[in-house]
Amino acid sequence: MKSEIVVETRNLSMHFGGVKAVDRVNFNLRENELRCLIGPNGAGKSTFFKCLTGQLSPTSGDVVIRDFNGTGRLPHEIARLGVGIKTQVPNVFDGLSVTENIWLAARRWHGAARARSLTSQTVERLKLGDIRTDLVGQLAHGQRQWVELGMVVAAEPWLVLLDEPAAGMTHDEIERTVEIIREINQQATMIVVEHDMQFIRMISSKVTVFHEGRILIEDTMDVVTADPRVREVYLGHGAS
Amino acid sequence: MSWTRENRWRAALVLVGVVFTLAAPGVLELFTIINLSTAIALAILALSLGLIWGYGGILCFGQTAFFGIGAYAYTIAAINFGGSSWAVLVAILAAAVFAAVLGYFMFYGRVSDVYMAVITLTVTLILYSLLRRTSGPEYKIGDALLGGFNGVTSPPLNMPWAPYMPLFPEHVFYVGMTVLIVGYIICAWLIQTHFGRVAVAIRENELRAELIGYDTRFYKLAMFTIGGAIAGAGGIIFANGVGRVTPDIFNLYNSALAIIWVIVGGRGTLAGPVMGSFALFYLTSWLGTQGTVNNNLVLGLILIIFVLAVPRGILPTFISWWDGARSRRAMQRRELKIRRRRGRRSSDLRETADEK
Amino acid sequence: MDLVIALALQIIYGIASLALISLGLAIIFGMMRVINLAHGEFLMLGGYTVVVSTNQGVNIWFAMLVLAPLVVGIIGVLVERLLIQFLYGRMVDTLLATWGLSLLFVGLVTSIFGAQTATTISPPLGAIQIGDYSSSAYELFLIVVTVVLLAMVYAVLKLTRLGLVARATMQSDDMASALGVSTKRIYMVTFGLGAAVSGLAGGLLAPVTGVLPSIGATYIAKAFITVISGGASILAGTTAASVLLGGINGIMAFLTGPTLGEVALLAAAIILIRLLPTGITGRFFRKSL
C-alpha cells in the first residue's frame, strides 16, 4: 500500500517578466519520503523551492501541503503547518548565541520548560555543545549551516525542506550533514535541493531532475544518471 | 528574569534613579526641578525609541509624533473632562492607537526600512504643518481651542479622581521619575520575555523568524504600539513640565533630537538613549545660554561624527571596551600564572638535572 | 468657463511645484538608492543664493537659472566627496548622516544670516487676467520651467552616456558595475546634478515663498511623499506621483480648503504605499525612465 501524498503541486508556474523559471510543474511527494531536487543552475529548482516555502508567490497553479492550500501563503503560515525550512544562504540570527537561535525555534511551538529541554536536546543531537554560547555571527560557514538545521529540527516538523544544506562545506562536514539528514528523515518527510552529486549519492534517495523550469525525469539516482537526457543537460559536461 | 550581569546593572541603575527621585527635591532649586521634569519627559521618549529601534529594529524617524499626540490628547482631554485622571488614559491610548494604525500600514504593507524612516518622519512633519494651521476659532475639540502655532495651555495633573487637588511642580517631578523608572523596568522585562526575544530575532533576521513560524508583522506592530504608548506617556509629562503644547513638538528639530539621543547613547541598550537624552538636553540648554554657537550646527556635527566614527553609540562601545579590557587583564593574569608555573617547572627540571 | 481655466491652472501649478521640489531628490534616489534627508536644505541654499546675489545687484533671472543650480551643484559634489562616498551600501547610515548634514546647513545659514526671513524678493512678471480671475504670470512661468526641466532630464537619460548608465542602475543595482563603468565618478556627477536641480527649484521658488533657514522642512515632507509614491523611476515616478497627489491636493483644497487638501494628500499617499509598497513605478510603467 502506498502512503499518502503530503505535498502536491498542480501546474505550478512562476514567471519573472518573460522568463518562465518554473513552468507548469506537477509534483507529488509521499509521506516519509526523502526526495532530492537536482538540476543545472537556472533549472528552476530554487524558485520551485521558494514557491513551496512561501518566499515567492507563484504566478499560477497550486501548492497543496496535506489538505492545506499553501499557494501564495507567507512563510510563517507554511511553517505553522509543521514545516521546517532551511534556505540556501544560511539565514540565522547572527547577533544571538547558538542556544538562543535554537530556543527561538523551539519556543514557537512549545511552553517554556519543553522549549528548554528541546533546545538542549537539539544542541546535543547536532553536537553543537562546544559552541553553545558563541554568537552565531562568529561561527564558521559549516557550523552556521548546522545551527540553521538545528532551528529546523527543534520545531519537530513533520515536513522538512532544505535548500542546498551542504553548500560550501568540507568533505567531513558533508558526511556529518548526511548523517543529520538521514536522522531527520526517521521522523520527517523531506525535500532536499542540491546540486552536489556526491552528496546526493550519499543520501541515496529518489531524485527529481529539473530542467528549464520543468521536471525532466523522476527516479532513483542510478536510473537518473544513466538517462541520456540527464547526461546531456546536466552531467553532459562531465560524461562527454 | 534571571540575575544576569545586565540585570544587576539594570537594578543598580533603577536604585540610582529611586535615590535621585527621593533626594533631588530636597537638594535642588525649584527652577531646576521644573526644568528636570521636561528633561525626564524627553528621557521617556528616548526610552521608547531605544526600545523599538534598538531592540525591535524599527527605524522610526518620527517617534516625536506619538510623544506629541500624547501631549495634545492629554491637554485636550484634561480641558474637556476638567481633570487629568481620564485624560492620562486617553493620552496613552491615543498615542498607542495612532502608532497601531500607522504601524499597520507600514508593517502589513511590507514597507522597507528606509521607506519606514521617511514615512514616519513625513507623518510627523504633516502633523506639524496641520496643527500650525489651527489658529482660527473654528478649530476646537470640545472646549479646547487648538490655537495654531501658539498651542494650548495644559491643565496640570491632579491627584487621581480629585480634580480639586492639582499637583505642584515637585510632584510632577516625582510622577515623571516614576514613569521613567517604571517604563525602564517594563522595557527591560519586555526584552527578556519570549515576545522581546522574538522582536530581537526579527531585528537580526526577519526571514528566518518567519521561517520558524513567527508572524513578524504582528510582532513589529505590537512593539511599535508599545513604543507609541510609552512615548505618549512621556508626552503627558512634557505637557506638565512645559505647561503648554505647541505644534513645535512635531518639528524636524525635535525628531532629529530623538534620533541623536539613541545614536549617541547606543542602539541595543535602554540606558544609553536615556543618558543620551539627559546629556544632550543639558548640552543644548547650555549652548542656548552661551548664544555663540547655533544648536542645529552642533547637533548636526554630533550626528555626522557619530555615524562615521562611533556608529554603535557610546554605551555599547564602552561596554565592549570594558569587556575587552577585563578579558585582557584576565588573560594577563593567566599568562603570568602560567609563566610562573612554567618558571617553577623549569627550575624543578634544572634541580632534577642538577641532582643527576 | 473662466473659473474652470483658473482652477485648472491652479491645479497644474500645484502639480508642477510638487514635481519641481521632488525632482532633485528623485534623481539621487533613482540612481543611487540614496534618500537625501538634506534635500530640503539644498532647496533652501538655492533660495539663499538667489536672495543674496540679487541683493548684490545680480540680475534675478541669472541668479535663479544659473547661479542657484551652479552653487548648490558644487555644494552637492563636495558633500558627495566628503561624506556620502564613505557610506555607499549603508542606507540607514546614509539617511542619518544626511540628516546630520541637514541640521548642519540649517545651523550654518542661521549663524550667517539669522533665523528670520531674509530680505524677500518679489516675483518678477506681473499678473495675467483670465476673464474675472487674475493669475500670477510667474506661476505660469514655473509650470513651463518644470516641463522644460523634465524634458531636459529625459534627454540626458535617453541620449547621453551618463543616462545610459543611469538607466542600467535603475533596472538593477549591480548592472552598472557589471557594465564596467566607473560608478564612482557617475555617483559624484549624479549627486551634483541632483543637488543642482534642487538648487534651481529652491531658487525659482524663493520669490514665491521667501527664504528662511528652516524652510527646508516645509518642502521635504511633500518631496518624500512624492518620490516614495512614485517609486524608483526618476521621470515616470515623479510625474505620476505629482499628478496624482498634486491633483488630489488641488481638488480637495478647492472643495474644502488648504488644510483638508493636505490631509487628502497624506491619506492618498499612505493608501498608495500600503497598496504599492515599491511605488507606482514599482508596479506600473516598470520599464520607463
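Points to keep in mind about this one:
We just call them A, B and C in the order they show up, numbering each chain from 1.
Going forward, a residue touches a chain if its C-beta (ideal position, glycine included) is under 8 Å from a C-beta of that chain, and two chains touch if they have at least 3 such contacts.
Because the structure is predicted, anything quoted here is derived from the model rather than measured.
Compared with subunit A, the chain whose C-alpha mean position is the greatest distance off is C. Central chain (C-alpha centroid nearest the global protein C-alpha centroid): B. Of all chain pairs, the one joined by the greatest number of contacting C-beta pairs is B-C.
Here the spacing of subunit B and subunit C, counted between their Cα centres, is 33 Å.
Taking each chain's centre as the average of its CA atoms, subunit A and subunit C sit 48 Å apart. Distance from the subunit A centre to the subunit B centre is 42 Å, each centre being the mean of its Cα atoms. Listing the residues of subunit B that touch subunit A in their complex gives 194, 197-198, 200-201, 203-205, 207-216.
Considering their complex, residues 59, 61, 105, 108-115, 117-119, 121-123, 125-126, 128-130, 133-134, 251-253, 256, 259, 263, 293-304, 307-308, 311 of subunit B touch subunit C.
Against subunit B, the residues of subunit C that register as touching in their complex are 35, 83, 86-87, 91-93, 95-97, 99-108, 110-111, 214, 216-218, 220-221, 224-225, 228, 258-259, 262-263, 266, 270, 273-275, 277.
Against subunit B, in their complex, subunit A makes its touches with residues 53, 55, 74-76, 79-80, 85-87, 91-96, 100, 103-105, 107-109, 112, 148, 151, 155.
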